[in-house]
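Please find one structure pasted underneath; my questions will follow.
Per-chain residue numbering starts at 1, and chain names A, B, C, D and E are given in the order in which the chains are listed.
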Amino acid sequence: MSEPTLVDQLKQKFGAAITGANLENVDPWIEVAPEAIVAVCAYLRDEPSLAFDYCNSVTAVDYLHVDEKKAAKSEWQPHLEVVYHLFSMQHKHSLVLKAMLARWRDDEVGELPEIDSVAHVWRTADWHERECYDLFGIHFLGHPNLRRILCPEDWVGHPLRKDYEMPLEYHGIRGR
Amino acid sequence: MDAIYWPSVFFLIFGALACGFALAVLLSANIVRMAFYLVLSLAATSGLFFLAGQEFVGAMQLLIYVGGTLVLLIFGVMLTSQERFVNMKTLAGDWVIGMIAGGALLSLLTAAAFSVPEWRGPERAAVENLPIEPNATPIGMGLLGARVDQIGAPADERAGMAGYLFPFEIVSVHLLVVLIGAAYLARAKRRSNPLPTG
Amino acid sequence: MTSSLLANLLTEPPGVAHYMTVGAVMFVCGAMCMATKRNALGVLMGIELVLNGANLNFIAFGSKYLDNGGPQLGLDGSLIALFVIVLAAAEAAVALAIALNFYNNHDSIDVDRADQLQG
Amino acid sequence: MASAINKLLDWMLSGLGLSVSADSAVGYIVAALIHITLIINLVAVGALVFIWLERKISGRIQDRLGPTRVGGKFGWLQTLADGLKLITKEDLMPDGADGFLFKIAPYVSFAASIAAFIAIPFAGGPYPWIAQHLNTGVFFVVAVLGLEVFGVILAGYSSASKWSLFGAMREAAQVVSYEVPLGMCAVVPVLIAGSMDMVVIGNQQAGLFTNWFIFHDPATFITFWVYLTCATASVNRAPFDLAEAESELVAGFHTEYSGLRWSFFFMAEYGSMLSVSILASVLFLGAWNGPIPVASMLGLTAANGDVPGYIGNLLGLLNVLFKGVVGVSVMIWIRWTLPRLRIDQVMATCLKYCTPIAAVMFLGAVVWQYNLPGRTFFGLLAAPQETFAVDEGWAALPTTTAEPAKPAMVERGAATSLAPRLAANQGRGN
Amino acid sequence: MSTVDDPRTIEFDVRTDEMLVNMGPQHPSTHGVLRLVLRTDGEVVSEVTPHLGYLHRCAEKIGENLTPRQFIPYTDRMDYLAGMNMNLGWALAIEKLMKYEPPEKGRHLRVIISEMGRIASHLVGMGAYGLDLGTFSPFLYAFRERERILDLFEEVCGARLTYSYITVGGATADLPPGWLEKCEAFLTQLEPIIVEYHTLLTTNSIFIKRTAAIGVMSAATAIDYGTSGPVLRGSGVDHDLRRDGEEIYTAMYDGYAFEVIVEKNGHYPKDHQYPAVPQEAILGDCWHRFYVRMLEVMQSIDLVRQGIDRYSRASGSYGEPMKLNQKLPKGEAYLETEAPRGQMGFYIVSNGEAIPWRARARSSSFCNLSVASELCRDCLIADVPAIVGSLDIVMGEIDR
């Protein structure tokens, strides 16, 4: 079903929670407020006409320009985006959801941003969210067991953040 | 001293093995070592059975006793061998009492054994040229009820031509019932909270 | 007396008495094992030794190579020995079942723990 | 054999003025030594050959060559190279291990697998080539095969590692439970031959291959295949090799072993494989009699002189060893084609399939033997009479109900009803 | 007759205490460096927790410093058993972002190469699964055939494992002359061998005993856990990206006659030619997953044949690769392709420069493995390698 009607349907149902959409992109996406993400996802999955029962991937993108020159010119503020790629097995159509998060919770460096977990909506999101937590440092509230999946348990820092510095040494192995 | 009588040399070897390992079972503290010494002791006893001319019983001892019962015992040892039960020292007091009682019993039995002159052993000539004929078949037929070993005996000496068919049936049914019962009994019915073991 | 015993044993065939002594030694070891061992399975092994000691006597009296005119069992000796072996297997199975049950309920195999009937 | 050796010793020592009496014990000791060295060499060389054979056969099965360069043409010295490697490798022992039991386990296992060869005949006829002519031959071999499980349990327990204990317990449960059907299958040929003496069983299968017990009747035919399955399982090979299932328990009970001790376990395995397949050939496949009785056709029987008898026996030996090697290569062939069974499936096949089938076949053989005593090749041909007459000399069994000392009611019925049929059977030469 | 009146007693066989047992990462049966921690109670496994990350190289961070064409070699090393399909996935994702349409001859070339890669990968999957269940020979037969495919790939792009052949815009080089005939010859001699594999494994009674009705996964669980590829189709979900995928990916396959290998009301497409499904097998068990892979090999053979004659008839360039530092249009694109082990997705965000802002790889084995702990609950120890083997995972792809 075409994107615009879907956006209107969601806006009409969730009102302000749908904060925006970009339909010109190759993969049009819909922006959702972080608080309403679980409600929207549950609705998307259970609504028979949409039936997004297959969650391809849950990932994140870090928007931050490290060097000042580019930061000045960039048209967006530094933030984190959690991106959900969904697919419906019956209707064979796909959808992209985005939730905008601040890079650090109330801007204190080191406090991980929080968003509700959709692990109980799609079981596959469990591992995807653990990977996001591991590589981006996003705290998923209500996640069954949120711990690192790819990096060692005692790894410090979240590698895929733009401002990530490789540790000098790890258990005696030289990092940099 | 004329030529050595070899069968008695083998009797000494097997006898020494049997008694030695029986003693080892008594003296060793580690339950698994005890089990292993018991296996060797019973294997030596099976050798004594072969020496006494009973091939069938010797092979039966190896197959059922050593091959079956002791494997069962070793399974029991494995299932219960938590670290604290493997090496359990017996108290010194029990040892002393045990030694005294055992020594007394042993001397009594050996004295009894050597008191009867006939039991001291046949003349060498009488035994040396006895034919070694197979005795598995008489046992088999005996179990089935036909005492073939007493065919030549005179009528009055023949102790009951009937063999062991009836006890054979009883033992086989008994064994079946016991094994099923043991299997059922072994299904542990553990209390959800074990009794205060103090 | 023992040196002469051994001396003529090397030349003379072993008799029923010699088998009985080996049986007696195993019997006594078994009895003491049952008496002193604190592990239930150690007691079980003592029982096996006792049964084997008895078996040896049956076989000794049944064997014609040890016959010196004394009372003889003939074939009955080996048949009874067979029955003893089979029944020892059954007995070991039941004893093991009891020991396992005791172990599961009391979480210990120590014989001294079985003092519930003392009241 | 012993008297021949005494004569030989006497002839040799006569030069020195010493004499050896005909039945002196020295002959027995030397004979026993010769037998034991022959058996140990058979098992050692056998293991040598079978390791090489396994590499070659598995190579062929997997479309590759197997060893080709070590020591000459077909890489036949490959096993020697393995042996040297194993001997030079250090014999490790894990620190938590129970030293004494850890060291002794491989030798217990090896001794058990060698002891089975004492009662196995390698050539029949009036002068059989057998280490110890036991009247209860089959029974003894089956009993000794059961003892190998002790070596395994001790190895598993004393290696103090969780995985090897798993492997040892699995293997012990499997070997002990497969002994039951193995024993039942071994009893069927004993029933047909009428004796547990393996020489008698072998002699009864003389003549054309139609006399072989595998073709004796449909029951024995099926029993042979059940025997083969149980033998493969009781030796821990092919689809039943749970103990060293690489995928779950790294190497089962002998994970912690290395060097010479590990090679003893290996030799024990190949030794018992050889003993099980030779037992199969003696019981079912006409031990030392080839498909066509070449030896008796050429007159190489003991009847006409010692030397032809010796050559006849030699041919018999070749027959037995050939059948043993064929049996082992079938096991190797099965191992490299079939996947592995799970532990509960192994137990299920034993308890739900092998044992009941063996029991039914035993019953079938009894009924067949009772109704068609003297026949062979599924009852189509008459068995050569002279081989089948097992004369136990009880013609004098009292057929009349002469008054035994104190007959109880039940025993009388049992005794008398059986006696006439026994006597009748004697008449028909069974 | 358990003591019903005394609920406090629990009836069970012999009392065994819980044991934590490690299987891997160096365990021979797990495919590569996967560590499974099993909580076992005697033989029964009560819980399996996989531990990942032993092969983690953070390829996604590297993707943020390389131009798309420079990143191609990294995609090879994700699913190293199907390098060609990984390259294709990345190339198509970039082309979707750039809205670039590869020439018709390039399309057919990509179908031939990717389906040959699928055959090679399934052969490894089949051989390794035989290894898990204890039989060694099928592994060597499978690798003998795979060697022939690798020789063909070597002629095409000079490499045997890390090809980097299919790149953004088409392929680095055209097929060498005479290659198509060799490929045709290979296919004709492969078909009877696949029948031989069926007798060796699929219809082998011990294999059926070890795999039928073990690790059964319902269609709902399969979708819920995000599984894909043969694992998903093994549970009866009729979904294959080559038919239901995005327009740019299905364009590659339009005009090709093929049916999705999935069991619909008891029948696989054209299953009369292959051994029938044994009655013990339940839809969604290890046996079905294996059977789907075996049928997909036949499907790929047919596709390659069609690809060969379409390629020989097509004219024009095979698809010149894109310039090395060509600027990417602003925006983002996510595309999933049907890799042999499942749907391999690439998500690229670019803000107009030659180097993408974010390059994310969604791995199929990652989701397939997440089902393992659910399937292995209350199975026997010997079943764990059978179940994990049937998921056919590759650690390079999971750990990225």
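Quick notes on this structure:
The definition used in the following text is that contacts are C-beta pairs under 8 Å (C-beta built on N, C-alpha and C of every residue); 3 or more make two chains touch, one makes a residue touch a chain.
Here's who's who by UniProt: A = NADH-quinone oxidoreductase subunit C; B = NADH-quinone oxidoreductase subunit J; C = NADH-quinone oxidoreductase subunit K; D = NADH-quinone oxidoreductase subunit H; E = NADH-quinone oxidoreductase subunit D.
Source: prediction; values computed, not measured.
The set of chains in contact with chain A as well as chain E is empty. The minimum number of touch steps linking chain C to chain D comes to 2. In this structure, the chain pairs D-E and B-C differ in their number of contacting C-beta pairs, and the larger number is found at B-C. Relative to chain B, the most remote chain by averaged C-alpha coordinates is A.
The most central chain, judged by C-alpha centres against the centre of all protein C-alpha atoms, is D.
Relative to the C-alpha centre of chain C, the farthest chain centre belongs to A. A separation of 5 Å divides the Cα centre of chain B from that of chain C.
Chain centres here are Cα averages; for chain A and chain C they lie 77 Å apart. Centre to centre, using the average C-alpha position, chain A and chain D are separated by 70 Å.
Averaged C-alpha coordinates give centres for chain B and chain D that are 26 Å from one another. Within chain E, the positions touching two or more other chains are listed as 14-15. Residues of chain D in contact with at least two other chains: none.
Multi-chain contact residues of chain A (touching two or more other chains) are absent. Against chain D, in their complex, chain E makes its touches with residues 19, 21, 23, 27-29, 43, 130-137, 140-141, 144, 200-201, 204, 206-207, 209-210, 380-385. By the touch criterion given at the top, residues 58, 61-64, 162-163, 166, 239, 241-242, 245-248, 250, 336-345 of chain D touch chain E in their complex. The residues of chain E lying in touch with chain A in their complex are 52-53, 56, 58, 60-61, 96-97, 99, 221, 223-227, 237, 239, 244, 246, 331-334, 336, 343, 345, 347, 349, 357-358, 360, 362, 366-367, 370, 399-400.
Those residues of chain A lying in contact with chain E across their complex are 25-27, 29, 53-57, 59, 61-62, 83, 85, 89, 92, 94, 96, 122-124, 126-127, 135, 148-152, 159-160. Chain D meets chain B in the complex at residues 21, 24-25, 28, 98, 100-101, 104, 134-136, 139-140, 142-144, 146-147, 149-150, 153-154, 157-158, 165, 169, 172, 176, 179, 183, 195-197, 392, 394, 396-398, 402, 404-408, 410-412, 414-415, 418-419, 422.
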